[in-house]
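The structures come next, written out as structure tokens.
Both complexes shown next keep chain A, but they swap its partner, so chain B is in the first and chain C is in the second.
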Partner chain A sequence: MEYMSKGIKEIHDDLKSGKVTSEELVNESLKKAHKVQDKCNAFVTIIDDAKGVDVTDSLLSGIPCGIKDNYSTKGILSTGSSNTLKDYIPFFDATAITNLKNNGAVIIGKCTMDEFGMGGTGTTAHTGVQKNPWDLSRMCAGSSSGSAASVASGVYPYATGSDTGDSIRKPAAYCGIVGYKPTYGMISRYGLFAFASSLDHLGCLTRSVEDAAIVVDAMKGIDKKDMTSWDSSNIHLYESLSSDVKGKKLCYIKEICDPGNYPDASEETKQHLDNFYKTIELCKKIGMEVSEVSIDKKLLDALGSVYNIISCAEATSNMSNLTGIIFGPRVNADNYEDMMKKYRTEGFSSLIKRRFIIGSYVLQAQNKDRYFNNAQRVRRLLVDAWKDLYKEYDAVILPVGSGPAKYLDDSKNKKFTNSNILEEHLQIGNFGGFPSITIPNGFINNLPVGVNITGNCYDDINVLNIAYALESEMNYKGQIAKEVK
Partner chain B sequence: MDNYVVMIGLEMHCEISETNTKVFSGAKNEYVDVPNSNVSAVDMAFPGVLPVVNKKAVEHALKISMILGCTQPEYMYFERKNYYYPDMPKNYQITQETKPIPVGIYGSLKFDCKGEEKTVRINNIHLEEDAASLDHYETFSTVNYNRAGVPLLELVTEPDIRSADEAVAFLETMRCIYQYAGISEADSRKGQIRCDVNVSIMEKGKDESDPKNWGTKVEVKNVNSFGGVRDAINYEIERQIELKENGTYDEMEQQTRRWDEDTFTTIFMRSKVDAIDYRYFVEPNIPKYKISNEWKESIRASIPKLANERKEIYMNEYGLSEYDSKVIVKDKSISDYYEETLKLGADPKISANWLTSVILGHLNKTETTINELFLTPNMLVDLMNMVSSGKISSKQSKEVMYKVLEEEKEPKVIVKELGVEQISDDKTIRDIVIPLLDEHPDLIEDHKKGKNTFDFFVGQVMKATRGKANPSLTSQIIREEMDKR
Partner chain C sequence: MVFTEELVDVLADKLLIGLTREENKMVLEEFESIDSDNKKVCEIDNIENVEPMTHCLDDFVYELRDDEYKGDNEDIDDLLSNCDDYIDTEIKVPKVVK
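Let's look at the complex of A and B:
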């Protein structure tokens, strides 16, 4: 009997009744992990000596999981998929890991990611390119690529992720699963390798909305080590799940969803947008009101630049601790400055170095107002625009990306006008710290695509319930990736 | 010299010593001799760590801001100052800039310089973290991270200071305030006070309030003692005047120099064009927070009596001279010692006299502080009580005091050892006086005839008691006994 392709509640019940043991689950999970590793390259580390644990009333107890490799895990290699930390074994757990462990979670592996969360392709890990389990010629997107691929392949019911632009929610869509990042600060960032602190969120990848609620319930909580965390002890996501969404008001944004904006789009993109409108009809069918709204396209066009400026600026500062002197593989040179330079030059991929240069440039005294300060202003305008929507609507519903997973060979990917808006709009969820969830909503060319629901800060229950109701009207809950090509 | 006006501005760094932990980490804030013993993961910038603001440090910072009459901000912000140096594992320092405003802006301080009252305007005061301390040897350097993250206050003055003496008087006054306010030991031997000095000269007679008339600013960094401040300023004044006199002043660029303690000179570091761009931006891990009026009021109410207020009390209530009052309040620990003796019942004038005439001289000679002094306030009061009760004479008490300080034994022990204890017992003296008078009836007759034989009897009693008889009591008894005959 296979367990790792089931949902958490079902596994828990069988653990409780003694039909299966935690040890057996760990063995099954490890076996699958190795298979997925051979095929997709989803792991930096597979913990072969992982042991089952006692089963308690906690729904996660005894159940295997995967952890994105930018979570600090005590005694377990944590590389952030970077050569700069290729041998780094932390001596402390991230707070979210402590919380998961306290709930009895069993860590099976550390999942591959784009180096330190940068780059949305899943191709920049120091251990190599991550492939999509549905189609090995396509990408998983990133940066939580290994987490998405392993959950979609049924290695375990969930893996943790982190999301600075769309790093949980896009790979989830490309892999046909659920990706949820709760409101900023609901899960402590302590122990998550910082990429861009004001945008970094923790979250999870699962195969159902229910499982996402269960996992975040276990990860969240105020933390005295993270001043941006807040007390959510009165929020119980799993217990609050309800598919009664009658009368909820949704909106989608014309400038993002209207196929007319993308005259030269690919067939896949057109189908993706058609599919989105079918989902809108479904929303209406189950009693929600859905309206089309307009947002100044100039603002939307600025999204990507705002994200680049802010995230690169914060990243270049956050990652200046990586010198190879206090931790990381120290390199030999005549003096400490050359040691640092050599370590950073050799250790980082060119993509990251490029971003560091952008980050430094936009913070320089003579550029700061033009770039960094203006980016902060536009960020505020965008967040305010979304907050205005939330005065009237419970959530914003939008398609994820421009279609199914892109090809690893970029020459096969069709470029088209305005595609950046489709690709980048999820970043607003990070600008505002909004709770945001992606669920699968169909197939194009036998490959999964996703839809995203984003609500106002602290309104996680509402967002989850809308996703939960919609999920129950579609047939993609719990789906496992089948290699189609 | 007479042809120029000297303009000096100071940047005074003072560590806050009176907190349990560092300003952004849980490591102890304590001066210890063992290197790298007060260090946490946060201080070493391991991946994933986050800063947490120490509320007590903010409280101290707001306190000094209030004492200096500065304006406090409505919201508390911190900024990142980005630079690579081994004394800061994050390779950025969390500090405050002038925009958004730091813990204090635009205050002033009145202080006394050789009997003249001076005023210096404070541009701003901000709270930041200290860096590690480095020791440089011929072929290597060592880093001690105990100091990394210790709360540090940086005070920036306007260029209102006109001489090295004024600069030192200002710094001494500030040190005194830090000590009295319970913010810092402000001990430069522990490296708790460090200064950067800005010096420029301009021709006398021009309008000093117009920056157009100012000379070229030279910043001298890393001056670590008040003596160093005096020497560095005087060296710079001379150096700059020489440039004026030989006509090369105008070629001098605005620059940063460092004070070299070995050669007593300032050494060129960099010119303004090479100034470091610190790429400041608001620290995203510390959410801005409101400083409530209630909090401000409670901090204001907690400000203790400072040196000036104590001085007024000493003069007006205890009747001390202005000079003695000043000498005592100059060092808080001496003033505290003095007030402790008063609490134990000492006469304010006599106690002050002991301090200024003997104890301070002793501290100076031995280069020790009053906290290291063997003679406790209790012992000093004991000694004073022995004099007032006639147990020893005031002349003897001086001898006892010197022995106490020299041999580090309690006054009562010294009194016993010296055998200086005065005989103030009526019967003992009377028993000596009566037989003495019996032996010399002729001298009593002479006395009655107006001849001075009285001193002879006193001398004999002193001889018999080896000088221990209380002189006034002895005179009184001799007079009584003579009158009886």
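Let's look at the complex of A and C:
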């Protein structure tokens, strides 16, 4: 019997009743991990000597999981999928990892990602391109690409992710699973490799909303090592799950969802939007009210630029410690400046270099107000616009991306007018720290697509319940990718 | 703003990053795109009067911590395991003073 394709609660019940042992689960998970690695390249490290643990009342105890490679894991290689940290072994665990371990989680692998989380394709890891388990010619999106692919393939029921723009929620959609980032600060960022600190969220990828609630319950908690974390001890996500959403009010944004905005869209995009409106009808069928609202298009058009400027600026600052002297492989040179330059030049990919240069430029004194401060001003306007929506609505519901997973060969991907707004709108969830979850809502060309639900800060239970109710009306919960079945 | 190859090289040099000609060209293209997008930002009504948002929970009340560090008694061998060059418990660093 295969256990790793089941949900956490079911596995836990079988562990408790003695039908299966933690050791047996670990063996099954490792076997599957190697199979997925051969096809999809989902792992930086597979921990072949991982061992089962004693089973407790904690739902995660004894169950294998994957960890995105930008989480510090004591004694386990943690590279951020970058050549600059290809031999880095942390001497401490990220707080979220400590919390998972305290709940009995068994780590069996470190998952590939776009280098330092700075990419949305899953193609920039130092270990190579990551392939989508539903179709090996397509990408997983990023940056939590390995986490998404491995969960979708049934290696284990969950993996951790991080999300600075949409890095949990878009890979989840492309891989037909659930991706959840809770309110900013619910999970401590201590020990996560910082990308853009004001936007970085931790979260998880699972195959059901229930599992997402269980995993984040275990990861979260106030942490003295992260002063932006807050006390969520009165929030019990799993225990609070309810599919009674009658009377909940949702809205979607006309400027993002209306097919008329995309006159030259691909057939896949048209079908994706059509499918989104079917999901809206389903929301109404289960008792929710759904309204179409408008947001200033000028603000939405500025979204991508705002994200680029803020994230590049913060990344440049955060990663100035990557010198190759205090950690990372040292290189030989005549003096310390040449050492650092050689290390950074040879270690960073082109993408990272470009982002650092842009970040440095927009932070220069003569440019800061025009670029960086203005980006932060638009950030506020966008967040205020969303907060105004939350005065009237319980959540915003929107399609994820412009369709199913894109081709790895970019020449096969159709470019069309206004596509950026469809691709980038999830970044607003990071600007405002909003709880946000993606669930699968259909198939196009035999590939999964997703829908996203985002609510106001600290309103995670509401967001999860809407997703939970919607998920129970569709047939995509717990699905496993076909390529690696 | 006029972006040039020379400007890109100066910026890269300050970051201690070397660029190939191809990478330099890619940065130039991105600069032009960002500058063009930023013009749209500058055209937003009254943008100059909006308070920049520096953090996503900017209504959050932060409590400053005591300025002290209580280490977790890390093992010295663990700490040295990422260091490529050390003698006993002392890390060798490159000479900084010329």
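Methods note: the second predicted complex is superposed on the first by the 483 of 485 C-alpha atoms of A that agree within 3 Å, B and C clash if a C-alpha of one lies under 4 Å from a C-alpha of the other, contacts with A are read in each partner's own complex, and residues count from 1 in each chain.
What we mean here is this: contacts are C-beta pairs under 8 Å (C-beta built on N, C-alpha and C of every residue); 3 or more make two chains touch, one makes a residue touch a chain.
All of these numbers come straight from a predicted model, not from anything done at the bench.
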_So in the superposed three-chain picture, is A:227 touching just chain B, just chain C, both, or none of them (first/second/both/neither)?_
both
*Which partner, chain B or chain C, touches more chain A residues*: C
*After superposition on the shared chain, which partner residues are touched by A:325: those of chain B (first), chain C (second), both, or neither?*
both
*Identify the partner contact of A:339: answer first if only chain B is touched, second if only chain C is, both if each is, neither if none is.*
second
*Taking the superposition as given, does A:304 touch the first partner, chain B, the second, chain C, both, or neither?*
second
*Who does A:88 touch here: chain B (first), chain C (second), both, or neither?*
both
*Mind working out whether A:164 is in touch with chain B, chain C, both or neither, as first, second, both or neither?*
neither
*Examine A:189 and indicate which partner it touches, taking first as chain B and second as chain C; both and neither are also allowed.*
first
*Is A:375 contacted by the first partner chain B, the second partner chain C, both or neither?*
second
*Please indicate which partner A:357 is in contact with in the superposed arrangement: first for chain B, second for chain C, both, or neither.*
second
_Interface residues of chain A shared between complexes with chain B and chain C_ = 88, 91-92, 198, 224, 227-228, 316, 323, 325, 327, 336-337, 340, 360
*Which positions of chain C touch chain A when the two form their complex?*
8, 11-12, 14-19, 22-23, 26-27, 30-31, 34, 37-38, 40-44, 47-48, 50-57, 60, 62-65, 72, 74-75, 78-79, 81-85, 93-96, 98
*Provide the residue numbers of chain A that touch chain B in the complex, in ascending order.*
71-72, 78, 80, 85, 88, 90-92, 94, 189-194, 196-198, 224-228, 313-314, 316-317, 320-323, 325-327, 336-337, 340, 360, 363-365, 368, 372
*For chain A, which residues are in contact with chain C within the complex?*
75, 87-89, 91-92, 184-185, 198-199, 224, 227-228, 230, 298-299, 301-302, 304-306, 308-309, 316, 323, 325, 327, 329-330, 335-337, 339-341, 344-345, 348, 350, 353-354, 356-358, 360-362, 370-371, 373-381, 383, 430-433, 457
*In the complex formed with chain A, which residues of chain B make contact?*
41, 44-53, 80, 82, 84, 86, 89-92, 277, 279-281, 284-287
